[in-house]
Each structure stands twice: as C-alpha cells, then as structure tokens.
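What follows is a pair of complexes built around chain A, which joins chain B in one and chain C in the other.
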Partner chain A sequence: MKNGLKKALVVALAAAMASAPAALADGAIKIGGSGPLTGGAAVYGQAVKNAAEIAVEEVNALGGLQFELQMEDDAHDPEKAVNAYYVLDDMQVSLATVTSSPGAAVAPMYAEDHIFAITPSGSSLDVIYADSANLSGAYGNVFQMCFTDPNQGTASADYIKAHENLGSKIAIIYKNDDNYSTGIFNTFKAEAAVVGLEVVYEGTFDDSNASDFTVQLGQAQAAEADLVFLPIYYQPASLILQQAQAAGYAPTFFGVDGMDGILTLEGFDASLAEGVYLLTPFNADAEDEQTKNFVAKYTEKTGEVPNQFAADAYDCVYAIAQACEAGGVTADMSAQEICDILVEQFTTMTFNGLTGTEMTWAPTGEVSKTAKAMIIQNGAYVGVED
Partner chain B sequence: MGFLSYLINGLGLGSVYAIIALGYTMVYGIAKMLNFAHGDVIMVGAYVAFFALNTYKLPTVPAVLLAVLVCTVLGVVVEKLAYKPLRQATSLAVLITAIGVSYFLQNGAQLLWSSSPKVFPALVGNGSLTLGSLSVSYVTLITIATCILVMIGLTLFVNRTKTGRAMRACSEDKGAATLMGINVNQIISVTFAIGSGLAAIAAVLLCASYPQVFPTLGSMPGIKAFTAAVFGGIGSIPGAFLGGLLLGVIEIFAKAYISTQLSDAIVFAVLIVVLLIKPTGLLGRKLSEKV
Partner chain C sequence: MKANKSVFSSLFGRQRRGRTVSILLVILAYIVLTVMIRSGNLSRLFQGLLVPICCYMVAAIGLNLNVGVSGELNLGQAGFMSIGAFAGICLSGRLAPLLPNTLLRLVLAILLGAVCAMIFGFLIGIPVLKLQGDYLAIVTLAFGQIIKSLITNMYFGFDENGFQFSFVANTTKLAPGGKMLLNGPMGATGTERIANFTVGAVLVLLALLVVYHIMYSKSGRAIMAARDNRIAAESVGIHVSNTKMLAFVISAGLAGAAGALFGLNYATLVPNKFDFNTSILLLVYVVLGGLGNMTGTMIATAVLVLLPELLRSLQDYRMLIYAIVLIVIMLLTNNETLKTWFGKLKAGKGAAAGKEG
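Then we have the complex of A and B:
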C-alpha cells in the first residue's frame, strides 16, 4: 500500500514535471482523482490517468489557466477510494473516481466538503444520487461525463425511431439477471411506447443459458422482426450473430456500448458483425481531427488504442478547463469557491468533446449528449453520418 | 420456425448433454463417485482443440483426436493423483476433492489462457440444410449423428468386450469382481479414460454450436449434464442418453412455448416430478437392499 502510494505520487509528480514546467509555479489549479491503477480493473484506471495527463498537457500548452493532476490508486475498492480522498486534501477540483462503487462511497464526502467533482466513467446512478432508487437526494456537485446506464435505452429508441430505414418491427433480446441489461431494456421499452415503436418480441437469457439463442432468434424471425435490439455485452452478442447467420436470419442488429469490443474478441469472424449498428459515445476509428489527434497522442504515450474510458477522462479535463475559464476561476481560490462557480458553469454551459457534441448537464449531475451511431463495416467501426 | 425445427435444435443440444452425461454416469456406476471436475475436463478439451485448430492450424480430425488424447490422459492423471488415494475414504471426502479439482482446473486455465473468451473456429461452416420451410444447421445434424455413433459404440464396447464385461462386473459388486480376478483399479482408470475422452468430443461439439472458449465454459453444461444423468437414472448408460436428449428438448420447448425467463425453472420442475414418481430416474435400476 505504502509502496503503491509512493509510486503513484512519484508518477503523478513526474507527470506534472514532464507535462508543464510552468505548472511548478504556484499558478496551477490542482485536479485530484482516484481510480484502479492496480488490480483487476487497472485497465480502466490507467486509461483515465493517461488520457487525463495528455489533456492537462495540452491545456497547459495553450498558455491560459494552468492545471496539475494527481491521480491516486483505489484498486476499485470503496475503502481505498476514501483513503485516497484524504490523501488528496489539497485538490481544488476532482475527477472523483473512475469506477462506480468507489464513486458511490466518496460522493457524499465531495458533497459534504463542497468540492466540485466530475467522474469520467462512474456510470451508476449511485454516484450522483444519495438515494438512487427514488432518484432523490442528488448531491448537486458531483457530475458525470459518461451516460448513465438507463439513458442508453432512451437514446437507442429515439435513434431507431428517427431512422426508420433501420427497421420498424423490433425484437429485443436482453439478459434478465444483469442490472446493466435490464436497466437499458426497461428504458428502451418505455421510450419505445412513447415514440410509437412496434416491439414484436421480447426474449431473455441469463447466466445459465447464455449460449443457445436459437429459440429467441427463431421467435424473433417468426414475429417478422426486422431489427433486433441487443442491450447486452459483446460476448453473448457474438454468439447471437453467429446463430442468426446459421439460421439464415438477417435483420439489422442494434447494440449499445456493451457491443464495443466485439471486433477485438480473439478469433472473431468480423464478417458476422458486418452491418451491426451500435450507439456508443466514443470510437477510436472516427475520422474527425480531434479524435485523430487524441488517438495519435495516446497511442504514442501508451502503445495502445484508447478506449471509451480514456476519451471520457480527456473530455473531463477539457470541460473543467472550459468551465474554469468561463467562470473566471483562478488558482488561488479555495476548492469551495471554485465548486460554486463550476456548478453554475456546468449547469449552463455547452461542451463539445470526443464523446459527444452539444453536451449539457442537469442540476443533478447527469450529462445529456447525443450518442454517436456507429456501423461495423469491413471489420471496423465507422461513424454514421446523419 | 415451427415445432419440427425446435425439436431438432432440442435434440442437438440434448446430444451434447447426453455425451457429457455418459462421463458422469459411467464414473458413478463404477467408482460410485460424482466427478464434478468432468465439466472442466470439457473446458480443457475445448482449449486444446482451439489451439490445435487456430494456432497450429491442424485439420479438424487430428485436432479432435489430439483433444481426445489430452483429455484421456488428464482424466487418468486426475484419477490417479486426486481420487485413488481416497478409495477408502468417505464419499463426502471424494466429492469435495472433485470440487477442488474443478476449481484447480478452472483457475489454472484462467492463469494460462486468461479469462477473456476466444472464438472457436468454424468446423463445418455456418451453413444450414433447408427442406421446405425447415432449416437445420449442419452443426446440429453432425452433433446428433455423433451422439448416436458414440452411443452405439459405447453399448457395443460395454456389452461385447472383455473390458466391458469387467466394467459391468465392477458396477455390480467390486468385492466379487476382485475375487474373480478383475483388476478393479485398472477398470476404474479405463472408465475415467473413456469418460474424459468423450468429454473432449463433447467439447468440440459444444464449441462447434456455441463457438466460444473461456475458463468456466464447462461448468454450466456440466451441471445440466449431471442433471440429465440423474434424470435418466445415474449409473445407466442408456439412461444418460435418454436423459440428455429429453433435457435438451424440454429446455428448448420450455423456451419456445412457455417463457424464455422460466426455461430452467421448468426443466428442473420436470426433474423433480420424475424423481418423485421414479426416485432412481427413468432407467435407473431399483437397488434391493441386502439384508
């Protein structure tokens, strides 16, 4: 633990030194945050840390407000996240935590100490609400850059409604023992009823029968569904695609962010996923200048292609910088003063980033952004132009 | 998609259960133990076949034979190292050891090959046979055919060969078999070898239908096949065959005609009813207590 802490400190220090000599002067605003830099979820924590460092470097190079980043390790453990919070006692703004359950543990502390926090990727409602079951007791100063899980269902239904060529008779196959999947399913169905989408079949599966989908697909086909909505992760989705092809059933398949990753599944025959749609906030193969620049820098720094977590973290730093500039924040202000300014800025501003354009935030801290539709073509994700 | 195609899909799924159930039922019949590591032998077979086909680019038949060979050796080694020293111990101790072996294999696989799933290469293409409105994938047909061949072969082996006769003798009465000059330990090893070899065949069939390989791959089919073995009457080879096929068909029919959410509940409810009426399973022998 002590070693890990030291290492994290040294890394953070080294990053600060490498990034901007100017930051060493006392004119830098301190951004704190914690994430799993070690352990099973380390891939997410490292992604956030690396991307946030790149963003801080870029923002500092612009010569305006200067920032300094300190990321602590919480090993995806709520208790360690609380410890990390205490270590970060001089931060003025925070990236909260990378993952949801540590985020839920420290969010009340941010609220009590009145420090502004925006989590790149803590998608659970528990991160922004004290009582998420009743959607009440929003902390008000804890914000999210990522979609909440239920939001994806609504966004998907709206997208399908707006693009009628995709399909008009909809079948849904979801995993009924999984919160993520049922959450998206419920909101999708509710929104489908509101906008008038015709859902002709609903099938489920769970952990104990996550391999045979012939019945679900057969019934979707019998119900003449021409679009199958899959609010599930890519692993079962890859089996569904394969079994649909074996059965000679070729509707439009439509996934959410859990579908992201299907092309990197070892040995996966990408032709099975040809023409699959997915709504996801970020895609490293997008052709716009901003994404290309980020992907190039990230790949150079880490040797890996950035994922959605990295993009969310990058956006967080830019959003904080934008809000600080607009609100006239200076480095000598207290965290509490900055918090008031940033809450006001975030609830009124519009932000364009890698993970969406025209983003706005509700006073509860939830983000509203348009999900980007991607289609898989020739084994790659391609953005769909409206 | 109508009744007939559900039936054929159910038979396909059931065939895989049946081949796995044979492994459970043979070991139980002869060694009187539940080998809960059987499902994980399937997983090892799947990985061996995956690497043979994908990394070493072997043709299908040698790859399957290699998987059978590795699983056979694994089954015998596990029996020698983990179960043989416990021959005189209580059945509970053997059961817990089997669960231990199962975890050992699962975690070993996770360590060696990581927990992220790998996609099994297509063996016979992804095509299907179409007869009028009926469409059946080749994989399902091959699975059913293989199951029938395995069943015929195993029945001939058990009934017509000397080793088979010795196996039947051991399952009747180990003590008497020993007195007749049968090497019981050797027969138990042979049983494990055959059961594990069949597990490798089941692994390839399973992965041909559901092409994903991951460390916990065998646990769910293992439990379902164990259920099938009990359903058909544990210890009985035709029972495992019948139990496996019925379980697969009931599962698919429950999904198709009642509810996808309740399919497992229905499968197990049927099992409970059968066991209430026939406590030894469909084809289980009624054991008379010796007085």
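Then we have the complex of A and C:
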C-alpha cells in the first residue's frame, strides 16, 4: 500500500475513533439489546426485534411510561455481541441477547456495569451464572424470560415417563455443535436414567450435515424406537419429519420449544407434523385476548405468525414495564439505580404474559413457569389435557 | 560517525525501512490510543475493539509470512488460533486458583497457545511441505474443520481429584467446586477476562520483530528464493521443505498466541468462532494489505475489523455495504492508474520505491 493511501486511512481511522456516542434520549427509558439480525440465526433476532417493537409501541401508547428501543446486530457471535454492548452505551435497561453464547459473553459485563438485563430467549445457564457447572456465581441482575435448557430436558423426560402411551423405546436425534441442543440432550439423558426411560438410540448431526437424516432415522427404526425425541430447532426437524415419512417410519415425535414455528415454515407440508408433541410455553392459537391481540399485530407487521421467541420478547418488555411502574422508575434515573429497583421488583413480583401465567423469578434470574404440552392436530397447536 | 551511519542505514535503509516504519507505527498508535483512553476521548466500543484488533493483526502478520513471504496458501489459520485460544483458556482456567497474578497467567497462556499451535503446524508440515503444489491449502482447509469438530465434541474439566476428559458425550462428573474448561459446543464459558491492550500491542510488536527478523535473515532469503523458483533454490543447496516449514511453524505459532489473547478477552468462546470464514477473513486482511507487506496487513486488519462497527448506523444494510466497500478497496488498491499515480507521488518526493507497496 502506498504512503498516500496509508495516511488517508490513518486519518479516517482517527476521525472514526474520535466520534462520540449518541446522545441520551429525553423522557423515555432506553432499552437496549442485541440479537442476530443478520446471518444464519437472523430469524430469531428479527422475531425478537419485531415483537419488542410492538410491545414498546403498546406501552408508549398507554401514555404512562415511555420506552425507547435500540436493537443492535450481533450475528449470533459473542465477539460482535460484546461490540454491540459497547455501542449500547447509554441504555438504562436491557434485553441482553437473543441467543445463548453471545449472552454468556456479555452477562459479566452487565453485572460489572450494574445494568438490569432480561434475555427473552438466551436459555443457557451460562447466561445467568458465572460458574454454571456448580450453579454458583449468579450475576443477580441478568434474568431469563425463557426456560433454561436443563429445565426443558428434565421436563420432557418427566412428561414422557408420565405418559407411557407416547412410547417406551426412545431415540434421540440432536445437533452436537449447538449448545441449545446438547444442553437439552444432556439433561434429558440424565433425567431419563433417573426415572427409568429406555433410550435405545442416540443420533447426532451438525451444521455441515443438517440436511440428510436417513442414516439416523434408519438406525432409530432398526433399534425399534417408537418415540423420537428431537431437542432441535424446527428447520432440521421439518426435514426429519419429511424423511421419516418417505422411509415409512412413523414413531411419535416429541420436540421442545425449538420445534415451535414448524407449521409456518415455508414450503413445509404441515400435514407431516400431525401428531407431533412439543413442550412449549407459547401457543399462537390460544384463545385469550392478549395472545389474539399480539398475534394479530405481529402478523400485520411482519406477515408471519409469531413464534415463541417473539412472545418471549413481548413478555420481556411488559415485565420490564410492570416492574418499572411498581418501582417508580423514571427516565432520568441512571442505569444503576434502575437496576437495583428492577432486581428487587423482579424477585418479588408475579407476572402474567403470553408465555405463562403466575411467572416468578428466583434471585438467580431463573424464571419459574410451566411448560405446556402441545400436540399438532389439523394443522394447529392444540394443548394436551392431562 | 561510521557506526551512526550503519545504525541509520539498518533502520531507515532501503531494505529495512519496512520494519522501522511498521514498528514505529505500532508504537505511535499505542501511545496515541493510550493517551486517548486516559483522557477519556475513546468511546468504549473502540476500547473494546483494541484487543481483538491486536489479535487479528498478529494472526494476519503470521499468515502473511506464510502466504506472502513463503508463498504457501494457508486456509486454516483460524484452526491454529482455535488451538491457541482453547489451550490458553484451559491453562489460565487451571492456574486461576494457584496463580492470582493475571499478567503472568496471560503471558503463560499466550506462550502455551503459541507452542501448541506450533506443534500442530510442525506435524502437518512434515508430510505436506515436502510436496509441490497447493497441497498445503487443501490440508490446512481440512485441518481447520477437523479442529473445529474436535473441540466442539470435547469435554474437559478439573476438580480436586484431577482432570476429567470425555469425547462426544459428556460423561465428566465433576465434584462440587470443579470447573469445566471445555464444554463441548458451548466452548469455554466463564473465562476470566485477563487480556489487555498493552499485552496486545506488545504481542503485535513481537510478531513484527520475529517476522522481520526472519525476512531479513539468511533463512528469510532462502524462503523467498524457494517461493520464487523452487528448482533454482534447490540447485544452490537450499532445503526447500525446511525453509517453508520455518515460515509455516512461525505462522502457526503467531496464530496460536493471537488466539490465546483473543480467548482470554471474552467471557465465553465457542469453537464455531474459528471456522472457515475466520480463516478467509484473515486471508482477506493479508491480501488487502499486500502480500509480504506487514504494515499494509496491519492497516487492512484495523480497517476491516472497524468497518462493520462503523457501519452500524446503516442497520440492515450494514453487511451489504461492507461487502461493497471491500470490493471497492480491492479494485482501488489494484488499480494500475492509481498505482502509477502513487508511484509518481513517491518519486516526486524523492523517496525510493522499495519492494513494499
């Protein structure tokens, strides 16, 4: 590179570095957050962003508390999430991150800077604990709206054990380069051993071979599995359902909250998902006013039916609003003052939202709500009555 | 007087000016940035970016030794970073209860990262560098993927009874108080963040010194001779595969050191971070900066790491604009008219146009 260009670049760089962060908004409490708005996981980040925007509009329309939302892109990369955190320099409350690994990277920073954060969907224990292996060193000001991964694995194993008509020989197909999937798999397996479920086959796949599942399905069939547990997201799950049907293999399929969204997947024949069970906190077909209103607005805004990520984000904003109102938070308070108030509110309040009623939070940041078992019938999620 | 002149020529002489310029640039940048941090004139975003920029610079400088100077295409530099990162994190995590001094721990982690990556580089180099052609590119490409898959499936932790290791399925059962160092696809979590900009800047300086020392030494000339004409180099008695090995192993070592610093800068690090894209990104820094041109590589790295962050205001169009800017820079830096123009500018100033540029 020649000298002239070098100098130009250095000057440009210096100018860029000197630029000051954006000024504080007046009158509104600033909510920050980051998520994958671009890249492979963008569908989750966009869902959270859209739903949070809807919730913020609704809260602002009530005339009381005023919120201002700024979502930054982290492309599901911890490194970029840290950058996004620094960009969100003037936020007062945060939605943390949409996904787990970036959440684990920024959580200690929220703790250090003492900014209240509640993640809609960062389900790993590492998001709320500094030392997740020992369940110690909870950050205390980072909360979760979603279930933790272990919680889902355990709940699924318990549910399958309690409903023996679903199947007795279990095959598991999981994604072994994904922390969400392996997190649920590990706890499911541990709980299965405790309650005495028979796991006959464990199959894995990763990013590079997430399109062909004939081998895994063939082996599951050979092992005479009559229930296939799929702790994975809905895109690979849809392929598994297609390929199982093509192979004439019809066990009971059992998914977790990542399965939510399979019915609205483009190009997927929803009839293939008939009879699939899933444990999820949110049901877009629920008949209550709150859900209907949200689904209508979300569909109008994006043209899609909201998934559980969107519902979690919507709940996050409302939970923050409820806590802010109860604690008398105003926009001129510092992030640290707000953090103290919100931590106190969140650990004592009860919240009713789209993803559950009577939700409470432990001082560690973990949410307590019940997972609903759903079955897909006639192209819709239907709650299973016990 | 004569001694003065020889010191001057060794610093600013035509052949060694590259080293002086790049080292002075790093020192100057370090001083300016430190003053800006101390006086509160640098936003937190840029403060946060300093360490990763240093890491990418070191890895890119190493890669430039391999690709630019030695002429062997390496598509697995991120794999070496990965080895260094996770080795460094494991060492730091294990030593944390024993060694409270974070600086010492960081230096040890960087050393271990470099050594581990060098060992792997050496093992790969033994068969591959004996071959002629682009085999190194193929093998390092595969190597990067293998390392990613291996670390994704590794569970490694320790408690008071010692280390525990399992592969694919997590069978480690740590006693209370134990710590998982590697946790499968979750990678390393709960890492103590001990990296800092000063160590990063020192590492960049060391990388430059090492690389320039090799380039200016007898081995460096042998490496370049082997790059330019293998047969001619062999005919004068140069052991081609050994000289290429030197460049490759040093390159891997620098990537390992960079990885260790990178890993210890974040609370969590996933193995997927060091995928094929990261390798290509490093290669882009090198190509954009100029093959064999360390100063250019550093500037290209800084600009390309900063660019996506500076473009944040464009929101959804960010990566689109980033790609366009990248293409424009590539076209401009290779534009003959511009090159001649800059050449004239240089000649007009009376500065001799060296090999660099």
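Just so it is clear, the second predicted complex is superposed on the first by the 236 of 386 C-alpha atoms of A that agree within 3 Å, B and C clash if a C-alpha of one lies under 4 Å from a C-alpha of the other, contacts with A are read in each partner's own complex, and residues count from 1 in each chain.
The rule is simple: a residue touches a chain if its C-beta (ideal position, glycine included) is under 8 Å from a C-beta of that chain, and two chains touch if they have at least 3 such contacts.
Keep in mind that this is a model prediction, so the values were computed, not measured.
By the touch criterion defined above, A:S238 lies against chain B but remains apart from chain C after alignment on the C-alpha atoms of chain A. When the two complexes are overlaid on their common chain A, residue A:L265 makes contact with chain B while staying clear of chain C. Residue contacts after overlaying the shared chain place A:A104 against chain C, while chain B stays out of touching range.
When the two complexes are overlaid, the chain among chain B and chain C that reaches more residues of chain A is C. When the two structures are aligned on the shared chain, A:A222 is found in touch with chain B, with no touch to chain C. In the superposition on chain A, contact is made by A:N176 with both chain B and chain C.
In the superposition on chain A, A:N83 makes contact with chain C only, not with chain B. Shared-chain residue A:D126: touches chain C; no touch with chain B. Of the two partner chains placed by the overlay, only chain C lies in contact with A:E72; chain B stays clear of it.
On chain A, the patch touched by chain B and the patch touched by chain C overlap at residues 176, 204, 206-208.
Chain contact summary for the complex, chain C toward chain A: residues 32-33, 36, 41-49, 52, 145, 149, 152-153, 157, 168-170, 174, 176-180, 183-187, 189-190, 193, 266-273, 289-290, 293, 295-296, 299-300, 302-303, 306, 308-310, 312, 315-316, 318-319, 333, 339, 342-343, 345-346, 351, 357.
Looking at the complex, you find that chain B touches chain A at residues 1, 5-6, 9, 13, 50, 54, 116-122, 126-128, 130, 135, 137, 139, 209-212, 220, 251-252, 255-256, 260-261, 263-264. Residues 176, 203-209, 211-212, 214-216, 218-219, 221-222, 235, 238-239, 242, 245-248, 265-269 of chain A are the ones that touch chain B when the two sit in their complex. The residues of chain A lying in touch with chain C in their complex are 1-6, 9-10, 12-14, 16-21, 37-38, 72-73, 77-80, 82-83, 85-87, 89, 100-101, 104-109, 124, 126, 129-134, 137, 176-179, 181-183, 186, 202, 204, 206-208.
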